[in-house]
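Both complexes shown next keep subunit A, but they swap its partner, so subunit B is in the first and subunit C is in the second.
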Partner chain A sequence: MSFRKIKERIMLGLIAILALLSAVPIFAIIFSVYFEGMKHVSLSFLIDLPPPPIGDKAGGIGPALAGSLILIALALAIGGTIGFFTGLFLSEFSHTKLAQQTQMILQIMVEFPTIIVGLFAYTVLVLPLKRFNALAGAFALAIVIIPYIALNVKEAYKSISFTLKEAAFSLGLSAPTAYLRVLLGAAKSGVLTALLIGMAKAAGETAPLLFTILGSTFTYFAGLDQPIHAIPLLIYNFALSPYERWHQVAWGASAVLLTIILTIFLVSRMIIRGART
Partner chain B sequence: MNTDKAFRLSLFFFTISSFIIVASIVVSLIATSYPIFMRDGLSFIIRGAWNPVREDYGILPALLGTLITSAIAIAIALPLSISLAVFSSELIPGKFKIIMNNISDLMASLPSVIYGLWGLFVLAPILHQFVMMPLHTHLGFIPLFSTRPVPTNLFTAGVLLAIMIVPFASSVIREAYSAIPYYLKEAAYSLGMNRWEVIRMMLGYIKSAIFAGTFLALGRAMGETVAVAMVVGNIMRFPKSLFDMGYTISSLIASQFPNAEVYEFMVPALYGGAFMLFIMGLAINLIGFSMMRRMVVHR
Partner chain C sequence: MRGRNLLVMSAVIVVAIALVIAFGLSGIFRGEADQTPAISTTPSLITTTAPAAITTRELPSGTINGAGASFLNPQMQAWAMKFYELTNGKIQVNYQSIGSGAGQAKFREGMLDFAGSDVPLKKGIYNEFKEKGGIIQFPVIIGSVAIVYNIPGAESGRLRLTGEILAKIYLGEITYWDDPAIKELNPDIALPHERIIAVHRSDGSGTTFVLTAYLSKVSEKWKEKVGADFTVQWPVDEIGSGVGAKGNEGVAAAVKQNQYSIGYVEAAYAYELGLNVAEIRNSDGRYVLPTSETMKAAAGALMARLPKADEDWSGIFPHEVMDPPGPDSYPITSFSFVILRQVYDDPVKVELLREFFKWVLTAGQESENIVKGYIPLPPEVAEIGLRGLEMLRAGG
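== the complex of A and B ==
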């Protein structure tokens, strides 16, 4: 074998090994989370209040799960609306200077450290209300997901064929009817995927919640202007606590969160594949 | 015609809200942090101190922590993400390609708090026993490894960050790689190059994409908060080696902010740190974007 041949073998082997190595952690993480977490997950785990740190009392993540669902819904309502219409603008007025600059701003927002968004929400919604509150958390999450939704909605509307757009407008439809009723049907799978991406992001983000919702452990929901809990925040707090029992709850909560994320991921893949065929 | 106009106006309104949000974030960072810059000036950035009782703050150790952890992350992630991109676009057949890309996308969408939990309870002990302790015992005379490690430290944070940013860097590289015109590859093979030589040539061709991916991943690494806060050790002091416990700017904010209101200058100090983080991140991302754009123009 020539030197070149040997070198080729070595380098290709190295690439394969490094590539497979980089995929190892995701499997290790999924395995650990389900192995450590599933021991503690049951129906009552999803509903009950967290256990005291000492002792063997069963308990759960009820308030955090309820809080997360509320926060996700609120964040999607705020961020989804802004993101959707921004994406529509980017697609339909892509030639304008404003669209180009918006694109730039959105890309910067994607890369924004989310902890800064949390500080911002603290400044504008926690300080004036003098209380940690659900709305501040939802607002922070909404800011985080706007760029993801906008950029994906833009792609969805961009992918509609020009003839279809022409046809819609040649019928004499008004712009809202054309975009929101006729063309939304054609962009449906893309828009849905965009919302799912935003949803997954809102479900998993922790940093924007650190200084906004406080994490009320003993109430499920007391109002938008009151503290609320969330699964990622519970995992973070409990994992950093010194108590073994709370570590177990953190693993259980991670299994729940991972299941939510994996479900959203699989559904969005199925939508994408369904749209292709 | 009136509904059209109203519709367009509402689109415009929603679109500029992103500008308003970003602008207000910048304004709130500056407005809240300016007392600390007025009081201490540059010494807030170039000194190390964290003594709330004496209202004495200097964030240099945390800045260094951010730089060290992201440098470790990039050093590990770069070879991995290039390999992953090449492997999934060149070395495996189409079906596996889709699987590999899906795995990579899943890695990108996993919440950072799950990375953090796994990093704290699984990765940190493994790294401690099989990497850091051996390095310290056998190569402890090298300053980089001189501190006797505990499981959570800057090195652990760097490795965890590397794992987290690989999918981002590799997807940028992968996209550029698959956009290389096919005739280039054909020409290379017809010259008698073997597969590795072709790959090396192609990687040279997308050099700017590799830089862009690296910079975008670097921005991610610097801004990451909770995963790092869970494994970095959270101590404010100048790191003596890679194995020392420390802080990054974002983990400093995450763990100090909850009791910051009690002190007069701590909130401004933390916003000052956030402002520095924002500036560094913005600079790095703008470099990354401009490289990506150059790549497009290049073609």
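== the complex of A and C ==
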């Protein structure tokens, strides 16, 4: 084998190893979270109230899980709606100045520190209501996920072939019918994926919730204008405590959160694969 | 044409969303009015297991929201849990750990029913509340700041320090572990010639406030140059030997990870995390560890000087109570406080707050309800809060 060939092999090998290395942290995280966390997870863990710091009471993450699900649903309802129509606008009116500027702003928003979004929600929804509340949390999460959803929806509609669009409109349909009835079918998998990415993002965010929902120990849901809990917030609080019992609950909660997010990603991969075949 | 249709549609949707949000919000405001939980008319729920104090009367029901000191958090959760069980879930006390500084700020903005804090309100804020109907602040538990260290090779003995030396370390004047001043106090420990890494809190913290108040009391120079607050400018940072860390847990971790470091954490954290705790010289010249005996002794020595719950505590707290007299007093002992308004719009809130804190200050102080590492109040100090609770009232 010539020297050049050997050099090429070595370089390729090195690159392959580096590529593998970049995946190691992900698997290490997944492994350690499940290894430490799953032993604490049970059905009652998903339902019960959190335990006191010491004592042998098992306890659970009931209010945090319920709160997270409610917040995700609300954030998706607000952010999904706005994000979808923004994405549609970006795709179909991409030649307008407004669309170009909107897109630029959305791209900045993707990189925006989410803690600042939390502060914003605090100013507009917590201060006037004089109470930490679930709606402010959902609002902050919605702002965080809008750019992800909008940019992905835009790609989904962009990917529809021009002939199909032409065909849809040549049927004499109005624009809303064309976009939402006919073309949505073609963009379905992309739009669903966009929503799922937004959902996963909303499930995992801590910073937007720090200033908005306060957290709640006993209450699962008491109304949109009342404090609510969330899994990332529970992990943040319990992991920082010095108590072994709370560390265990934080590990268990991490495993639950990771399961939620991995499930969402698996579903979205399946949707994408289904669309390709 | 197509474009116009879409624009019209978009406009309709925007209006629709706006309407939905508007209705949603109005629903919230309506909801608030309706939601006032009625004082339950069902007679006592609990019959045999609960203490008599909450069995004989009718119980209000509802949630009270509080937040603040992270130090108070584990104990407050334990109390809230126990009270939740005792009242069969009728009274839910939601306490979140956001730090003393943030707790006071949010309480002041009217977003919390009560605040937990390692220090009482400052004079200016106290006066502001006084104009708006008054304040009630009282100790709920004893806390103290432990000085923790990590010197490899010195595990054999226990480090002894004085307040002056501690001040000089954080002032950046004593920079090596084998400084003559430290050596003199610790003849039995092999102190290495290594730079002292001084760990301190990076976030606003009641623990910092208590420690810097102590340093201000024992060192004139500290008082002039740095003073006491939730956050201060650490002189030791200027010579590059200071390390900032977030929360008690952050400082504890930084001390564990950095060899030849020193730091300060709430005593409960120091013991729970198994850190080396230094003995500190008290005003009687004895070297003491923060233990339940030395903290109780310090609290006992302070008793005569404590104000009433509706008075301004900032005159003596935390500066004046540091380094109390008595041979067994631990010098950096303080209280963790609960802060309430005197007047609440909602009469049910008043009932709920009174029920819970009355229990906290009586049965809650018994050893089975105290989390390990926390020290219950002497009954005379608990009395301050009980008197204070009588001042709670509803009004608008």
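Note that the second predicted complex is superposed on the first by the 261 of 277 C-alpha atoms of A that agree within 3 Å, B and C clash if a C-alpha of one lies under 4 Å from a C-alpha of the other, contacts with A are read in each partner's own complex, and residues count from 1 in each chain.
We take it that a contact is a pair of C-beta atoms (placed from the backbone, for glycine too) under 8 Å apart; a residue touches a chain by one contact, two chains touch by 3 or more.
Predicted model only: the values in this text are computed from it and were never measured.
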Task = Quick one: on subunit A, after the overlay, do subunit B and subunit C clash, or do they fit? Just give me the call.
result = clash
Message = Under the stated touch criterion, which partner chain does A:114 make contact with: subunit B (first), subunit C (second), both, or neither?
response = first
Message = Between subunit B and subunit C, whom does A:5 touch in the aligned arrangement: first, second, both, or neither?
response = first
Query = Which of the two, subunit B or subunit C, is in touch with more residues of subunit A?
reply = B
Key: Which superposed partner A:166 touches (first subunit B, second subunit C, both, neither)   = neither
Inquiry  = Once chain A of both complexes is superposed, is A:89 in touch with subunit B (first), subunit C (second), both, or neither?
reply    = both
Task = With the two complexes superposed on chain A, say which partner A:132 touches: subunit B (first), subunit C (second), both, or neither.
result = second
Inquiry  = According to the stated criteria, A:254 is in contact with first (subunit B), second (subunit C), both, or neither; which is it?
reply    = first
Message = With both complexes superposed on chain A, which partner does A:232 reach: first (subunit B), second (subunit C), both or neither?
response = first
Request  = State whether A:81 touches subunit B only (first), subunit C only (second), both chains, or neither.
outcome  = both
Candidates 26-34, 44-52, 98-106 or 116-124 of subunit C: the single one with C-alpha clashes against subunit B = 98-106
Task = Indicate the residue numbers of subunit A shared between its subunit B interface and its subunit C interface, in ascending order.
result = 81-82, 85, 89, 92-93, 174-176, 179, 240
Remark   = In the complex, the residues of subunit C that touch subunit A are 2-3, 5-6, 9-10, 13, 17, 24, 28, 31-32, 35, 63, 65, 67, 70, 73-74, 77-78, 80-82, 84, 89, 92-97, 109-111, 247-250, 252, 268-269, 272-273, 371-372
Message = Residue numbers of subunit B touching subunit A in their complex, please.
response = 3-4, 7-8, 10-12, 14-19, 21-22, 24-25, 28-29, 32, 79-81, 83-84, 86-88, 91, 100, 102-107, 109-118, 120-122, 163, 166, 170, 194-197, 199-200, 216, 219-220, 222-226, 229-230, 250, 253-254, 257-258, 270-271, 274, 277-278, 281-282, 285, 289
Request  = Can you check the complex and tell me which residues of subunit A touch subunit C?
outcome  = 49-54, 81-82, 85, 89, 92-93, 126-127, 129-133, 135, 169, 174-176, 178-179, 214-219, 222-227, 237, 240-243
Inquiry  = Going by the contact rule set out above, which residues of subunit A touch subunit B in the complex?
reply    = 4-5, 7-8, 11-12, 14-23, 25-26, 28-29, 32-33, 36, 81-82, 85-86, 88-90, 92-93, 98-99, 101-102, 104-109, 111-117, 119-120, 123-124, 143, 146-147, 150, 174-176, 179, 197, 200-201, 203-207, 210-211, 232, 235-236, 239-240, 247, 250-251, 254, 257-258, 261-262, 265, 269
